[in-house]
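Below: one structure, written as structure tokens.
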């Protein structure tokens, strides 16, 4: 189909939204009074409600929160963060610098989770054709190696040999019994990668993009909802870096990503009452 | 001071960040292992941690969550949402449309909370000079009326005669005993406005911007942290509208904000187990 | 190939740019001193220089200027302009509102020129296989009708039965003798569309997107350069709408695209000395 | 006055635009048929028409073109350009990366021209009070030194001891006899700065921001039009850097602004026929 033409301007078609109803003294988010949600339902759960139409079960709510926390920040080196910092140093507003950062969630940054989801969908289609999940993983890895598509999206990391976020997210999913086909295939792919003779010398463990892809798949979230969750989850990180830039640095500085160090608190434990 | 000049390019100064430490297989957010935060600390609480440097107490965490939920969406008519929808209809990516929406958090949209904070700071300065909070409120209202600064930021609403979000947020703050000077002054201003003879015919109850301003003030959050919280809280709403636009509408449609209706679920109750 | 991983942070690779050399008291744009370009070479020609690496001949320079002018504004109804206006009404800065507008150059808005270029490339590939341009056009139109891809990108317009910009741009290209294969195929497609029996009742003349696609093709400009030219050309229009919004309107207004009218000067002639 | 409230949604007020009239088969930009402008009026002149409402005289048109060219690019180190490059390396679209760059025209970047304009307006107000321009400049410089506002906006440069763009722009303005009060004051300030005993060891010649501020002032352009011209003028530079990033570099690279070099053509002359 050709790209659609804009309809003529003599009058615009009526349209509807199913998200939020605004009437005098009443705001309904997906049918729930917002003042009923406030104080009872967490921010992560309300995000899930807005994006999917339903409140999550407490288990799923906890998993979604864990996912949002896992991606909230990754230091000052992601290019989206550097775009936000370079915008902030010009004296731009917080919103302008955050918007510049959001624009950096491109094909390659954050996009790995979406690419991994496509890979998992491909593997599950093979499996639905009659193969076991393990066999589908072996087939897929052979194909990836032949196409030189190594590391595949969702596996390996430039900094981490074991991505602590992926390990933890999959553990939580397991504890909450929300790990199904997607997670099984993800695990099977990790094993098939480590078993493949051409990849003997490489360590390609599941990374956070892979874990998010599998968890969203098992939750039945469409790819674009996963995409939205990633953007939402990183906005606080972008905002925090922009606030820090405003407080600590002089305007118009040259931001060299290779010369920064961490000077925050050393490792500390979460107070017991929270566990 | 003149706007600073960019330092010369022959080498950039080393710099530091106190937010997130990235080392092989370990990510510390403000000193806490991210895999420790995941599953134990909610998204709203982790946002607070990132922005302020410390985990909130459970009470404050609940209040921050309520504040984030209160501002998560306000239907399809805010101009920031319309900017996101108009961007989305051109076929832009989710991130592009969300970024366009974020840019709409200007002086007048979301900015009322910041303007109200300035008003409250002014009133508390008067009070620190020896007046009671009530007397400071009366002084301030007289000044606002004389300057024709009515409605003042944080009071009155075009749709709502009572803003249900403000009522609820202040109620939660009261229950959690986090309401102090700022909230007292906000209340006092509401009373002084309704008592002022020139405003007899106007209803100017506290709105959500006012409630957020007071709550952030009582929590000791600087204005720019409140600003960041507002941007963060609305991103899920923007993303949800963009996803809905992609699913329901044809590209390049004429978006007339006056012709839309809500077709989501009718009012429903939060399941009991959650309360 | 898998999405590339970011290289490690221990040091960044040296890199080069061929655009602009900055040394003390000397700025070279593509090798020309910027103070030599100023006053001698027009803004449109310098844009061409920056994007392609070479100064255009005077003929091509005139054509590029005509192309940039043709797309400079299309009133207040394009969704990119509405995104800019909705952002401006929140009190955002000029740059914030312009950026929101730029984000609206999506697949469907401005993208028609790129889609038409792909169509023309497809037709020229058919023609290189031995068909005449006319025969290639007939083949292509049959294919488009079968795929229900009508109107094809570059043809037809919701407002205009004859797009005055397209007519003029192709006339200038003809006068300057820069119309080659792409333009010939565009013309042949227009004829084949009007000759096709299934499209008898439809008027599908070349529109400005089609004319720009053909002109850029004949100039040998890659698709992404054409994309950049379209974005560049509309920024002044976006900025002018934002300035008008700031001057004429009150903040936070409801912007209904169906209720605006033009109140600028009536049609007037360009002073003779300019012709 | 309090921030205005958004009008109610039951119907939006009719509104007008004086920029561009769209009717079937006719597009008028500020009253001129766009197809009449195309090929006759340059891009820079049409930008001036759109922003100010009138076509420039040929002299002013040439000056505006020179101003737009002067600011078209400043290499890869301005933070706005780095924001665009960091966005591009994530795989973002050209428009997304350009928008991120536009957001970097903050208070400190590009804003110097606006700050210098304010300084010149202050000086001209002093002069209207009865002082000569030279005396007003001396008064202003004394004030700037006392406030430690050195370098003042519009004077001095981190790379250039003489900014070749400023020299050339002021020379063109002089040749075209468009240099009036603002330019005279700019020159007088430059002299007063070099004559001030506390600044003996500093070289603070007029820079491009100062020259643009004076030229726009003498043309009677409001500050916000000057702001818009700066944004418009740099968009081609941003787009060119993004295209170069896409062509030359691998995605997700670490962009260190201190390690790049210029590898474009060496200095060359503009062909004679153009002069």
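Letters A, B, C and D mark the chains in the order given here, with residues in each chain numbered from 1 onward.
Methods note: contacts are C-beta pairs under 8 Å (C-beta built on N, C-alpha and C of every residue); 3 or more make two chains touch, one makes a residue touch a chain.
Because the structure is a prediction, the values reported are computed rather than measured.
Have a look at B-D versus A-D and report the one with more C-beta pairs in contact.
Higher contact count goes to A-D.
Compared with chain A, which chain's mean CA position is the farthest off?
Centroid comparison gives D as the farthest chain from chain A.
For the identical-sequence pair chain A and chain C, what's the CA-based rotation angle in degrees, nearest 5?
180
Express in whole angstrom the distance between the two chain centres, defined as the mean CA positions of chain B and chain D.
Computed value for the inter-centroid distance: 35 Å.
For chain A and chain D, let me know how many angstrom lie between their CA-based centres, rounded off.
39
Counting only residues that touch at least two other chains, what does the list for chain B look like?
Within chain B, the residues that touch at least two other chains are 3-7, 9, 11-12, 77, 79, 91-93, 95-96, 99-100, 103, 105-108, 111, 159, 251-252, 254-258.
Would you tell me which residues of chain A are touching chain B in their complex?
3-7, 9, 11-44, 46-47, 50-51, 53, 55, 58, 62, 65-66, 68-70, 72-77, 91, 94-96, 98-100, 102-103, 105-106, 159-165, 167-169, 172, 224-225, 227-228, 231-233, 235-237, 239-244, 246, 248-256, 259-271, 273-275
Within the complex, which stretch of chain A touches chain D?
Touch list, chain A to chain D: 77, 79-80, 82-84, 86-87, 89-93, 96-97, 99-100, 103-111, 251-252, 254-258.
What part of chain D is in contact with chain B in the complex they form?
Within the complex, chain D contacts chain B at residues 1-12, 77-79, 92-93, 95-96, 99, 103, 107-108, 111-112, 115, 144, 147-153, 156-159, 257-258.
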